[in-house]
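In the two complexes below, chain A is the common chain; its partner is chain B in one and chain C in the other.
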Partner chain A sequence: MGVVQLAARLFAMLVTLFGVSLLVFLMMQAIPGDPVDAMLGEQASGADRTALRAALGLDASLPEQLRRYYGGLLVGDWGLSLQTQEPILGTLAARAPGTLLLAGNALVFALLLALPLGIWSALRPGRVPDHFAGLVALIGGAVPGFILGPVLIVVFAVWLGWAPVGGADSHGSVVLPALTLAIGMAAILSRQLRAALLEVLAEPFMRAARARGLGFAAALWRHGLRNAAIPVLTVLGMQLGALLGGAVITETVFAWPGLGTLTVEAIERRDYPLLQGCVLVISAAYVVVNRLTDLLTAWCDPRIDWSR
Partner chain B sequence: MLRQWYVGVLCVWLVLACIAPWCMESGNRITLENAFAPPTAGAWLGTDDLGRSILLRTVAGAAVSAPLAAGVVLVSLCVGTLLGALGAWRGGLLDACLQRIIELFQAFPGLLLAIALAGILGPGTGNVALALCLVGWVGFARLARAQVASLRSREHVLVARALGTPDRRILSNHILPLLVAPLLVEATFAFAATLAAEAGMSFLGLGAQPPTAAWGSMLREATQFLLVAPHMLLGPGLAILSLVMAMQSAGERLRLHWQLPR
Partner chain C sequence: MSNRSPCSNRGAELLSLLLLVSLLIGCAEQPDAVLRVGLSSAPATLDPRHATDAAAARLCRLLYASPVDFDAAFRPQPALMTWEMHAPEHYVFRLRGEAFFHDGTPIRAEDVAATYRSVLDPAQASPFRGALAHIISLEATSPKTLEVRLSRPDPLFPGLLTLGVLPARELEQARRTSAYTGSGGFRLAAEFNPQHVQLVRQVDGQRVDFLVVPNETTRALKVSRGELDLVQGGMSPELTAWLSRQPGITVRRVKGTVYTYLGFNLHSGPTRDLRVRQAIAHAIDRDALVRHAFKAQARLADGVLVPEHWAGVPDPERLRHDPARSRSLLSELGYGPADPLELTYKTSNDFFRRRIATILQDQLAAVGIRLEIRSHDWGTFFGDIRRGDFQVYALSWVGLQLPDIFRQAFHSASVPPTGANRGRYASAEMDALIEQAERAPDEAARAAGYRAVQRLLGRDLPYVSLWFEDIVVVQGARVVGYDTNLNGHYDGLLETRLALDEHRAAPH
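Right after this comes the complex of A and B.
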């Protein structure tokens, strides 16, 4: 991996981040009618309106607004939340660990589910275990978090009493929301792993490994999974990115204090500056995770052409 | 027969969606003394917090969710295909711009973008549909662009050009027919994804407003009463799940039938 190529990739990522932030800025221009009306309601006094207009910088021209937007983004001044009057960057920083904890747990659960399921079905293609894994993946991939989440709550929290219903007060709180996110992820991952493994298992180097006297498990571990990991890693990165965005609904189901619930709160309270901050942070995380996965796969797989 | 289960499911929903408009009024009828009644032989899916029949509301919801998803997919399909095909056919600056825009949209988590857009535009089915269209066209544009770019240099197209056939005729007679299969498969998956996304947005309170029965908002109501009436999940949950799974399976079947790559 050359330094030049690495720098080029990072630069491309910066360009994407710039585009994403521009789109978020433009999105805020789509507020129908007068945003001040939408935020304050129609009974607000003239003085309040003028004050809010000035505070949001809406009295300036569009290029000036854009200049202030990027100026603020770069120096870390993301403005104040309309509702709480606290700095948005601080509010986001307070909620981000919740989402990261959830995403991390979901990732671990997803791998714990997908690895056995994927390997099992690849070793017995077309047989009962494979069909079973396929059915699990079909259902797991289709069920949205706002159905799976409540079902898990009813079964594990209400009936069995194993986990809390929601919130983040105890250590077990993270299990159900993480599992909700993990099942959808595991469905796709296990199918991807199955396809990749089936391809690798048919490779001559697998037979060569066995011919050299390597046991089946050792050959599978050292040669099979290692080669199958590359396409799986790509999907994993996309999934992890989607997890950050898709967590909006799952976090809401479980009242989990993260960026997702913050986004929904911002929408409900018409706190547009806060909403803008939420979308910016989540999208930026999505871009960075996806690009880092690209880098990681390229680093793992010497066959990927870097000069492309 | 079991392999084609999704055909049956889709037919059932098609019929239910047709009779749904007649269920709307009776599905909104409030009988408080019947509130939270569990499923019985009389009322298969039980009643909700206002004593409304969940079965009737689930059927009525088909008239909200399914046409919305179909409409969004249709608009996205037309706009995306037109832009993607034009970009690939013309090339040059138009195509370069289109490609940047597609890349930019793909750098976003789509559902988050739709949720935020709908949040900005304000609650309501119209705004949800608009937000989903704004996010949805990109997939079709990308597909159409890639397909047309590879079809451009096919021999039958080159021959048509050499014979002086006007661009419009080449696009409609020689390229469009070859786009139908991949676009239809994409549309099937997009329908499943849009249906789930719309339900998710209704779940957040962005879509259809009460008392309209939409699957997402019914689930939202159900989650508020999980402790007393978990049966409220059943109707809308099974509706969304069965339709999404059936559409995905149908898409997968079509994809295999036409031997298209993933």
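Right after this comes the complex of A and C.
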């Protein structure tokens, strides 16, 4: 991919982010409830409400509010949280490491589960290992996080005592929430890998590699998995984007302090600027990770021609 | 095609990360000398001028001393300050003895004045400004004396000075922060992190950590595993019943003041008619609701204030469950099986509140009232209630201490947006009774006045009182000497100790 194509991709990403931010802004305008009510309570006078509305800029016209919003975004001033009066960017930055840690661990666990399952079932299609892997993937994909999380807590924290129940107050706390997210991811990834690998294993270049004297494992590793990785990477990118956006349910079940729980808190407190920031970061993470996945895919597969 | 794949070279790195993560599993042991308290939601701030959520208000109480507090009957009593009422519009407060901020500087009357002046500053947008808006002036006439003048007589005024005192010098700085130098029994041990608030007890350095665990099942499991030592409230009766059967866990119930009621729209729709409200009131079997839905972890309410309150009604007339009377009232109004009364009931999307709604729906169906339940997220629900866009709703009042609630919720001048008379109840008799009680010369006369207000509420039924929820305290075996009160404050933590030698918490 040349510099021009890369620049075009980046430009497309910026346009997408602009669209997302505009949508987020308009959504916040449509949400029911008044932030001034949430801040001042029921005893405030009409004059106080009017004054606060003016101070927050809520009395300005929509285009003016939009101008201030983008002006702030561009210079890194995302405003203050209505409840804490802390800078929103700082609040988001404080929670982002939690989400990154959780998503990173979930990704590792998902790959460790999906790779053996996918390879195993692709190498034994239609046989017992394939059916077993399919069943595991089906269960993993079908059980939602709010069921799987508590089940993992009961088994690994309560019965076996191998991990804490929840929270982020000890290092091992990340294991169970990451596993909860990973199992769902692994289910999809393993099926994707199986399908891709079955296709690749039937390709002539695999037979040619074996004919050149390459062992089965080496051929699988060097040629099979690399070629099967392309569609898997695309799915992985989408899932990782969603994870970085904050796994709201899993973070809530495990009391994990990430962007997901911050979003829930912002909703509960009617803290619109903070909610706006959360949604923007979540959307941006999704867009950026997907674009990066595109780049990675192109890097892995030189046949992809982005100029077309 | 190259044999070197950039993708496959990441394998070793991934395995290393897994190994690291796996190793961390065994490192989950937590410090034993820390008392860990579970919270259902994070405190928004530790600035007492903005602390409206329960967690923030309770933590602020531990961090900041307040001029005035309440006794068990909710009478204002001196805390940092005593007071004299020179006139119902003129009070003089005096600091009692020596009190200090946590940095060692003495608390002066000027600090109290600066705190309350900043609450009154519109730029602060404090939710407490409305209640204190009748303050004309706050003047520290000496380091220990504060004079307060009001725009109208307010015999209950000292009960409004319960916000924690902040240092005047810090308030002079323009920017608001989440926490100031404190003056209470605890101080912050680390920078304010809403998810994990770390406090240290001033007298002996005992660490108390407040950890946010939003999911109640996770909270219960953390207590059962010894990862939390104490949880107060916010758990369903089923979970507390389960916890009470776990070894080493103690579950205690304390009478609470959280008042739950059914509210009616008195401005429009069928609920304008008193007979409809009476029919609904007699159709509800509150005993059964408390017994089954709450597993008896609540007591029936027959008024807004608890009977223990100085202005409460000690022996109120109890609303009877009388389905026959309900049917008869509905029949009088022309409703019957062929033409049933149809109402909408609004509630939040909280699981327990929706369950209560379905039970009420069933009870009202038994007398021929069709109740349609509409549950919304909190913002939408509360916005509808404030706008008067409802027929019947259920809500709770939390932290009621002063009888000024009657003005806020039932005076005709308190219709939203400048009050909490959400049902648009307008009664000249009620207005006169409230104003009369407010002007009463002494406590006995005020109490009598407010009891008359409550009798009228029982007759007009703008609310149907349901129950006062108990405060359920769940504590692990290490906790010794913890107690709470009607308000559910964490004051008991000032006396609590950990029995470390007998029960070493070792989750792993």
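The working rule: the second predicted complex is superposed on the first by the 292 of 308 C-alpha atoms of A that agree within 3 Å, B and C clash if a C-alpha of one lies under 4 Å from a C-alpha of the other, contacts with A are read in each partner's own complex, and residues count from 1 in each chain.
Heads up, the rule we're going with is that a residue touches a chain if its C-beta (ideal position, glycine included) is under 8 Å from a C-beta of that chain, and two chains touch if they have at least 3 such contacts.
Computed from a predicted structure; not experimentally measured.
With chain A as the common reference, the superposed partners chain B and chain C clash. Once chain A of one complex is fitted onto chain A of the other, the partner contacts of A:275 are limited to chain B, with no touch recorded for chain C.
Using the contact criterion defined above for the overlaid structures, shared-chain residue A:57 touches neither chain B nor chain C, since it reaches no partner. The wider contact with chain A, measured as residues touched, comes from C rather than the other of chain B and chain C. Once the two complexes are overlaid on the shared chain, A:264 sits against chain B and chain C alike. Touch criterion met: A:139 reaches chain B, while chain C stays clear of it. Of the two partner chains, chain B and chain C are each touched by A:252. Shared-chain residue A:72: touches no atom of chain B or chain C. In the superposition on chain A, A:87 contacts neither chain B nor chain C. Applying the stated contact rule after C-alpha superposition, one finds that A:150 touches each of chain B and chain C. When the two complexes are overlaid on their common chain A, residue A:129 makes contact with neither chain B nor chain C. The clash between chain B and chain C in the overlaid arrangement falls on one stretch of those listed (7-15, 25-33 or 97-105), that is 25-33. Overlaid on A, the two complexes show chain B and chain C touching the same residues of chain A, namely 31-32, 38, 150, 153-154, 158, 165, 252-253, 264, 267-268. Across the complex, chain A is touched by residues 1, 3, 5-8, 14, 17-18, 21, 24-30, 41-42, 44-45, 50, 52-53, 122-123, 125, 127-131, 133, 176-178, 193-196, 209, 211-215, 217-219, 221-222, 224-225, 227, 377-380, 382-383, 386, 408, 416-420, 507-508 of chain C. Considering their complex, residues 31-34, 37-46, 48-49, 51-52, 55, 83-86, 94, 104-105, 108-109, 111-112, 150, 153-154, 157-158, 161-175, 178, 205, 221-223, 225-226, 229, 233, 252-255, 257, 261, 264-265, 267-270, 296, 299-300 of chain A touch chain C. Those residues of chain B that touch chain A in the complex are listed here as 100, 103-105, 107-113, 115-117, 119-122, 192, 196, 199-200, 203-206, 216, 219-220, 222-223, 226-227, 230, 233, 237, 240-241, 244-245, 248-249. Residues of chain A that touch chain B in their complex: 16, 19-20, 23, 27-28, 30-32, 38, 138-139, 141-147, 149-151, 153-154, 158, 165, 241-242, 244-246, 248-249, 252-253, 263-264, 266-268, 272, 275, 278-279, 282-283, 286-287, 290.
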